[in-house]
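Below are two complexes that have subunit A in common, paired first with subunit B and then with subunit C.
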Partner chain A sequence: MLDSLYIAWKYISFNKLKTTTLVACIALISFLPMALQLLLDESERQLMSRAAVTPLVIGAKGSSLDLVMNTLYFGDEVPELISMASVERVENMDLAMPIPLYVRFGTRGNPIVGTTPDYFEFRGLIVAAGRQMALLGDCVLGAKVAEILDLKPGDSLVSSPENLFDLAGIYPLKMKVAGVLAKSHTTDDLAVFVDIKTAWVIQGLGHGHQDVTRLKDPTLIYKSSESNVAATAKLYHYTEITKDNIDTFHFHGNLGQYPITAVIAVPYDEKSGTILRGRYLSKQETRQIVKPREVIDGLLQDIFRIKNVLDAVISVVALATALAIILVFALSLRLRQREIQTIFKLGCSRLTIVRLLLSEIFITVLISGVFCGAMIFTVNQYANEIVRMLFIR
Partner chain B sequence: MVCWSVGVMERGKMGPKRQLWVLYIAIVLGILPCSSHAGAKVTGKLSVYVVNYPLKYFAERVGGEHVRVVFPGPADEDPADWVPDIKVIADYQKADLILLNGAGYARWVNRVSLPRSKMVNTSAKFKDQYIRTKGAVTHSHGSGGEHAHEDAAFTTWMDFNLAAKQARAIAVAYGRKRSTLKNTFEKKIIELEKDLFALDRNIKVLVSNNQSQPLIASHPVYDYFARRYGLNIKNVHWEPDQVLTDQLWMELQKILKTHAAKWMIWEGDPIQESIAKLKSVGINSLVFNPCANVPQKGDFLSVMQKNVKNLAVAFE
Partner chain C sequence: MINIRQLEFHYQIGGFRLSIPEFSVERGERLAVIGPSGSGKTTLLNLIAGIIIPERGTIGVNNVKVGELNDAGRRDFRITHIGFVFQDFELLDYLSILDNILHPYRISGALTLNKKVHAHAAALAQEMGIGDKLTRRPNDLSQGEKQRAAICRALLPQPKLILADEATGNLDPDNKTLILDLLFRAVEDYNTTLLTVTHDHELLKRFDRVVDFKDFRL
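What follows is the complex of A and B.
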């Protein structure tokens, strides 16, 4: 048997081009459906595991998929904004615990998630190093963000401007890293968490500046009357919240009108959840309430429909490839008629010749299998990132 | 588990009745530690953090032995101006309930991260009754338009009717956290409401003699008190332990021209010098302690009862 394998190996290594083509065909045609299945399984796991533990999401009427993707996976597509009044509304109904989310800004390629400490308790996130965010301007990093950006508690991180061309826009905020979360193997590992009020400061809705009623520099005052002081654009707004200036930070107007992207509603029981959903059914309603599981189910069904089409295409291509391979072997046998006759005349039985040919096929398939395995292994290693890249971001 | 194995090992030597007893004891011994642990979680004391003393008093009266109420502020600082450090903020975050006064009291709350689900604004139900401070200077910068750092008066508990509503909000929050104790909390809140309504009634009767008489308050902390009981109060900004400056005295003189007050209400015992100086212009002093921080003697109710007695002199 070993002799047959040796001779087959020698033949294969001599006909490099033919072998390479065959190996590439077999490896690719086996790799494609397996990789597709792997990625789909991973996407289903990622999407479903998070959707299943998030009971209800409330947001502006519009694309429920955008709302869920932004709320659960901090996707780039920002849904239409709603106000904090939506949180108060859920609170007043006394049917669920509302957790506000404001996922709009970013820092060095990572989403900034404005929320309250309730979110950490809800998701079971634990601070592995440092402490929980406590003051305005504090941020807590997801495990992977800390790893990629090489940040630890005590370091600082600057928010990215929303629009590079908005030169007169808001100043980026320098945030203090208060803590780093333990790995959760979810999207939370890739986010930077701040208090919802800090997110409003990033947006410029909350700000800190000198007391305009006590300004001594006349160039800072544009107009002054008994009831109003108008400051000039020269008035410096703090871009970092420190112990010394934190008391100057303030929010104007009714906080209930401040923007958020969504509210995660955690009903106290099943009945409360059903009643809560019922409260958002009216046609005049400007908010929508969705079950993330249902939305993700719909998305997965779409993905699976596409997968079925891909499967059909791959099956046809696989059949064509298999036929081509058979043809290659058949033609190869014809071309090697003289070689086979010589082996026969040398005294080898027909069985030995069959064994030789089977050994060639075996080695070719084996090499293809190794290549395919290596590629599947690589895809498996990066499945999380690939899925995030393909389906989430 | 150990007892269970012992029971099984000795089964061969015992009669069926004895075996059953051993099995029963083993199960009881095995279950007891688990059940006591589970019970602690459900019936354990609620950890309640508050932002001032009146809330601490209400929270303790309503919760009784079922709660552990903490006000971590220092005794010598006004809780309205106190700012907790990070360690104390972490303690607030870990509490089961955080009781807030609302109306902008304890501004630090707006600059820290606290779990919203645990926060209870005890004055939320009467937000529309907040008293807005007058004369705030508006300012504008950038594209935000005009805005003012306007505040509401925050000593809401000085209106005992509102104080009762705040206490009721605490009872409701307790009931949500410990539904099995709802009736207990209800009994306690009724007792507390009774005391607060009695204070309310007493003051109403007391001031009815001469409701419109002009009064001066040493600090603007009596807005709700004045509104509830229809008092004619004007404020100055004096500290009881502060020596009066000429400027402060002139401000008073200016007020007195249109507001001929015979009494000044102080937050705490004023220094003799201030009493004498006021006396020289025919103004007497009385103390009505808002009791925002833990009193050195007595409790909220006894301090308020003493306040009522002090006030009675001005309306005799």
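What follows is the complex of A and C.
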């Protein structure tokens, strides 16, 4: 048997182009359905596990999928904004604990999640290093963000402009890293958490600047009266919140009208949850309340329908590939008739000839298996990121 | 060494018929078989080697009646008792020269490949003047070198009989002489018998005996 494998290996290694083509065909056609299944399992696990533990999400009417993806997985698609009054409304109903979320901005490719400390308690997130965010301008990093950006408590991080052409927009805010969360193996590992007010500062709704009542430079004053001073655009706005300037930061207008993207509602019990859902059923209602599990279920149904179609396509391609491989072996056998005749003349049995050919197939399939395994291993290693890339970002 | 009695054979297609009433070759004899193309020279080699079976008559090789052996017996007999040398060398291009020489040992359980055989193969190649080409592939060798490698392959199991089917047919005059010298020397050194089919009339005078095949064909 070893001799057959030896001769087969020599043949395979000599005919590199043929072997490479066969190995590529077999490896790819085996890899595709397995990788697809692996990614679907991972997406189901990843999407469903988080959806299952998030009871209700309130947001603006529109795409429930965008709302859930943004709220649960901090997806790039920002839903219609709602106001902080929505939080107050849930509070007043006394049926659930409301947790506001403002997921709109980002920093170095990671989402900035504006929320309240209740969020950390709700998700069971623990600060592994440093402290919880306490001051305006503080941020707490998800474990993976800290790892990728190589940041630790005491470092700073600058928010990104909303888009590249936002030149006249709000200055990026330099945030102070207060703490780093322990790994949760969820989307939270990939986020930068700030207090909801810090998120408003990033948007420019809250800001800090020189005290206009003490300005000495006349070019900084646009209009002045006894009760009011209006500054010119030359007035310096702080881009970092420090001990010295934190008192100058302020918010204009009614905070209840300030924007958020969603409210996670954690009902006190099942009945409260049902009543809460009922309160958002009216036709005049401008908000929607969704059960993330139902929304993700719908998404997965769609994905599985697509997967079934892909499975059928892959089956046909696999059959065609298998036939092509059989053809390659059959043609190769025909080309090698003379060689087979020679070794038969020398004294080789037909069984040994069959064994030689089977050894070639075995080695080819084995190499393909190794390549397929390596590719599956790689996909498995990055399944989390691939799923995020495919379904969330 | 070879004893053929009342041999009759015919191919189903083409109507070819071969009839040999009596034919024998002595041990150590160097015999050339000549005859026109299609006269059955190669068929005779295949009959002696047990690759094909006669309809009538007996073929004895080294006191073994080849036709009475079963398939496996004939194969084992062939690989252990007969060394084949072909016109086109029939070396496998994906194997090194050493692997080609050792090939019979790897395709049959009747021969055992061990270190001694490896050493013998290397020594044989050295004798044949291709000792430095063992790691090369057949395509890197000249025609003469390829045939020398093929002779090494045939001689390694120390066969009692060498069947050479136009072994010099694809060689230039110098290499023809050289290959024939090597085959004759092998007959002496290994106490073997040589039966060669040839069209090369210039070489005939060097053989112990020449058989004209047209005498056998019906």
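Methods note: the second predicted complex is superposed on the first by the 388 of 393 C-alpha atoms of A that agree within 3 Å, B and C clash if a C-alpha of one lies under 4 Å from a C-alpha of the other, contacts with A are read in each partner's own complex, and residues count from 1 in each chain.
Everything that follows uses one rule, which is that contacts are C-beta pairs under 8 Å (C-beta built on N, C-alpha and C of every residue); 3 or more make two chains touch, one makes a residue touch a chain.
None of these values were measured; they are calculated from a predicted model.
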| item | value |
| --- | --- |
| Which superposed partner A:Phe249 touches (first subunit B, second subunit C, both, neither) | first |
| Touched partner set for A:Pro100, first subunit B, second subunit C, both or neither | first |
| First (subunit B), second (subunit C), both or neither touched by A:Tyr6 | second |
| Touching partner for A:Asp118 - first (subunit B), second (subunit C), both, neither | first |
| Subunit B versus subunit C as contact partner of A:Gly347, first or second or both or neither | second |
| Touched partner set for A:Glu339, first subunit B, second subunit C, both or neither | second |
| Which superposed partner A:Asp195 touches (first subunit B, second subunit C, both, neither) | first |
| Comparison of subunit B and subunit C by subunit A residues contacted | B |
| Subunit B partner contacts - residues on subunit A that touch it in the complex | 87, 97-100, 116-118, 121, 131-136, 138, 195, 197, 204, 209, 212-213, 226-233, 235, 246-247, 249-253 |
| Residues of subunit A that touch subunit C when the two form their complex | 3-4, 6-7, 10-11, 13-15, 338-339, 342-349, 352, 356 |
| Complex contact set, residues of subunit B against subunit A | 83, 86, 89-90, 93, 110-118, 137-142, 144, 146-147, 149 |
| In the complex with subunit A, residue positions of subunit C that touch it | 46, 49, 51, 71-72, 75-76, 78-80, 84, 86, 90, 92-95, 99, 103-108, 110, 113 |
